[in-house]
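One chain, chain A, appears in both complexes that follow, with chain B as partner in the first and chain C in the second.
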Partner chain A sequence: MFSDIASAIIIGLVLGSMYALAAVGLTLVWGVLKILNFAHGGFITLGAYFVWVGITFLGGNYVISFLLVMGLTFLLGFVLNAGVIRPLQGRPESETNIFIATLATSIIIENLIIVGFGGRYKSIPEMASGSLTLGSISINFQQMIIMAVAPVFLVGLMYYLKKMKSGMAVRAVAQDADGAAIVGIDSERVYSYTIAIGALMAGVAGVLLGVIFYLSPGMGGDPLVRALFIMVLGGMGSVKGTIYGAYIIGIIDALARYFIGMFWASPILFVMFILLLLLRPQGLFGVKV
Partner chain B sequence: MALLEIDKLNTGYGEVQALWDVSLDIEGKGITALLGANGAGKTTLLNVITGLQKAWSGEIRFAGKNLFEIKPHNRVDLGIAMVPEGRGIFYDMSVYENLLMGAYTKNAREKTKDSLDWVYSIFPVLKERPEQMAGTLSGGEQQMLAIARALMSRPKLLLLDEVSTGLAPALVLTLMDILVNVAEKGLPMLLVEQHIEMALEVSRIGYVLENGRVVIQGESKDLRTDKKLREAYMGI
Partner chain C sequence: MKSNKFLLEILAIVLVLSVIPALVRQQYILHVIMLAMIFGIVASNWNLAIGYGGMFHLAQVPFFAAGGYSTAILSVHMGLSPLIGILVGGVAAVILSLIIGIPALRVRGIYLVFLTFAFHFIMLSLVLYFVDITGGDMGLILEPIRIGATNIDMFNPVVTYYTALSLFVLSLVFIKTIIDSKIGLALVSLRDSEVYAVSRGINPYKIKLVTFVLSSFLAGVCGAFYVHYLRVVTPALFDWSFLITFLASIVIGGVGTLYGPLLGAFILTFLMESLRFLEMFRNIVFGLLMILILIFMPKGLIMLANRAQSIFSSRQNSAGIVDEEN
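Then we have the complex of A and B:
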């Protein structure tokens, strides 16, 4: 029993790591721009396929492929802003329209992937084989890498927001857009790199998902739904709350899969989501970027 | 030539016009007062100067440059700083972080350390608690932080929107003393106020806005005894 619970918690931490990366960009963009960026799911998928392309066609180098994903998703984030989000901003019904347009972007990405690579499942070769056994619990090296990589990015993002001038400007815009404007912060620029950072985080989440799950053109949808739940749980716009929320959901998700059954995980999370909306819609931690 | 020249400015919200052919000059020294009742258009005028509100027509020149050719966020580097009504500080940031954000622009950033010493000498209370979250400061301290943050950009003109709102009278007097002191040391200000008597006390020139139009203007010492003004605004 103990080892079952311990194993489930380890899986939970692995899932939580991926969910945290998937959700943190979504919540950051919400906090700063007050929009829901549904292209996020598409960017998760893109991250996974880019790393697959890199490994398959560029000689199997994980590090280079990973850097490629980071660079490409970051750049495409700027494209997403300039081509889809910015043109709709400040217009009537912009909230709904941006929601629809970014969802459409996700669908376009999904279909471009079908056109380019087909709809069949793909898999990324193992990054590292073998596992570490501690008594009756075993952790494979891939899981360990995921558990180590995610915090690097999450801590990096927190450091950026807390300590660097341009990161502080992101928080300033989120807290008081007019106040930010009068100290000379160019909010348009902050918007574009906030979206790019969110896209990069989604791309990295996609890589980690691709490492342990199969790749499919619609693979970004499920983590996007989880990310939305996590965002509400953590308090819309709160980066820190979202990170805690992601690990909580990851562990619940894993426990449900382990003890109740694979297919019960999603329904259980949805019921919890409804309860959360009814009982504590402001999330666990309130709102702070 | 005045530091800031506003010429026949018109603007509004949607279909509703808020400013009608407003023309006024702000001198390069001392305090200029902009007076008027609620809804007269005072804040709107400030927002056009900083760029938060777009002008319909007219012209604003700052140190000879046409402001409408300069993007709002670049106007700070040109030397225009504002303390907005309701303060506009970042509540979930510390006092220190707020001040750093005040020195966000390129020119100000290089002088951050000197500027910090300067604003801490003006407002010692801020120096005592740089790590405190701005949202947990008292109203008066928040107002001081808003002014200090504006000073961090090393402005050539400071726009002050209703700094006395919500503060105890004694605190308002203290703040005014500080502002007068800073102004005398060479920072011109535009003071927007509903406390007309006090504003005329500290300013050299005064303008009165009514329904979006400049209706009275002149030297503050003359305005203090202006019959029309006293009847309309001071209830005397």
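Then we have the complex of A and C:
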């Protein structure tokens, strides 16, 4: 029993690491632009496919493929902002319009992947084989790498937001766009950076997801839905809250998969999501709405 | 005066749409028009909540699917007649709308979007889990229905076309009645200024719930009709493509207008069908077009039509003053 719970928690931490990466980008974009970017799931999928392409065609180098993913998703984030989000922002009905437009973007991404790579499942070759066994609990190296990589990016993002000048500008715009404009911050620039950083985070999440799960054109949908839950749990727009929320959801998800059944994990999370929205919509760390 | 104008408009629509089968012999085109009418009904009922009520929710696809699944399950397992089945679909959607609406309408904005989104996935999970009843991934196949002992299929193209047309007209009258009623007035006033509306004694929760429930009924009816028409029901009923089609019909046609979503549905359905030659690239082009339309025609096409009409009518009045209002 103890070892079951321990293994479930380890899986939970692995899932939580991926969910955290998937959710921080979404939260950051919400916090700064007050929009819901439904193309986020598409970027998760893109991250996974880019790393697959890199490894398959560039001689199996993980590090270069990973850098390739980061660069490409970051650039595509700018494209997403310039082509889809910015033209619709600040107009009447912009909330609905951006929702539809980013949903349309994710459909475009999904179908581009179907056209380019076909709809069949693919898998990324193992990054590292073997596992570490501690008594009755075993952790394989892939899981360890995921648990180590995610915090690097999360801490990096926190450092960027807290200490670096352009990160501070992001926080300033999130708090008060008008005030930020008065002190000379170009909010348009901040918006495009924010979306690009969010896209990069989604890409990295996609790489980690691709490493343990199969690749399919619609693979970003599931983590996107969980990311929405995490975003609310963490208090909409709070990056720190989102990171805590992601690990909590990851562990709950893993325990549900382990003890109740693979199938029921999602419905259980949805019911919890509904209860959260009804009982505590401000989340764990958010201010009261 | 106002209702006379509406009556004329309805008559014109009925006249045009009912002579089409006599003029157009291709069944394919009738099929597309019928789809457009069905999607238009679902979209314009959704518009009641989104456009008139200002409550952006994503429960319309679950309503549509509830209508489809309830009628399919009853007709496959219990041999229910589709005529009653279509009504059952509407009732199922109303029940679902109460289940979702009673808790969900207490929150607003993005939280309402999330809540209805979660219900969508829970319903899909239930459909996939109860394989014995719903057929799971494979879905259910419905038998063709014969009229009495004859060999005439009840869902032959002409009958289905006119059924869809009657639903279309019914929906128009239904929505117009709601908008013109006290509920519609209360709804619009809540959307425009909730504080003022509440101070005049309107209960926002009650009005929103009533609208939510009313707008689900015909979505369920259409879901049931659609399923009987296709003779198959699968989890594809929960597809994002439905959500996009309905939502985009509203936005492209014109949010909060009577005819906008209907126009939007016709344009989108025909656009989708005319892009069939693109095969694998169809969804990509469709997505791109959607984004372009949103960017370059933000107010919806109905505004263009209104402007044209106002220029036309001001010329007719020969008052020399062009109405710039619209």
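Methods note: the second predicted complex is superposed on the first by the 286 of 289 C-alpha atoms of A that agree within 3 Å, B and C clash if a C-alpha of one lies under 4 Å from a C-alpha of the other, contacts with A are read in each partner's own complex, and residues count from 1 in each chain.
Everything below uses one rule, namely that a residue touches a chain if its C-beta (ideal position, glycine included) is under 8 Å from a C-beta of that chain, and two chains touch if they have at least 3 such contacts.
These numbers come from a predicted model, not from an experiment.
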| item | value |
| --- | --- |
| Touching partner for A:V115 - first (chain B), second (chain C), both, neither | second |
| Contacts of A:A101 with chain B and chain C, given as first, second, both or neither | second |
| Which superposed partner A:M236 touches (first chain B, second chain C, both, neither) | second |
| Which of chain B and chain C A:I11 touches, first, second, both or neither | neither |
| Chain B versus chain C as contact partner of A:V207, first or second or both or neither | neither |
| First, second, both or neither for A:Q175, with chain B first and chain C second | first |
| Between chain B and chain C, more extensive residue contact with chain A | C |
| Contacts of A:I185 with chain B and chain C, given as first, second, both or neither | first |
| Chain B and chain C footprints on chain A, overlapping residues | 289 |
| Residues of chain A that touch chain B when the two form their complex | 165, 168-169, 171-172, 175-176, 178-187, 288-289 |
| Complex interface listing, chain C residues touching chain A | 50, 56, 103-104, 106-107, 110-111, 113-115, 117-119, 121-122, 125-126, 128-129, 240-241, 243-244, 247-248, 251, 255, 280-281, 283-284, 286-288, 290-291, 294-295, 298 |
| Complex contacts: residues of chain A adjacent to chain C | 36, 83-84, 87-88, 91-93, 95-97, 99-101, 103-105, 107-108, 110-112, 114-115, 225, 228, 232, 236, 263, 266-267, 270-271, 273-274, 277-278, 281, 289 |
| Touch list for chain B against partner chain A, complex | 50-52, 71-77, 81-82, 84, 87-93, 97, 100-102, 104-105, 108-109, 149-150, 153 |
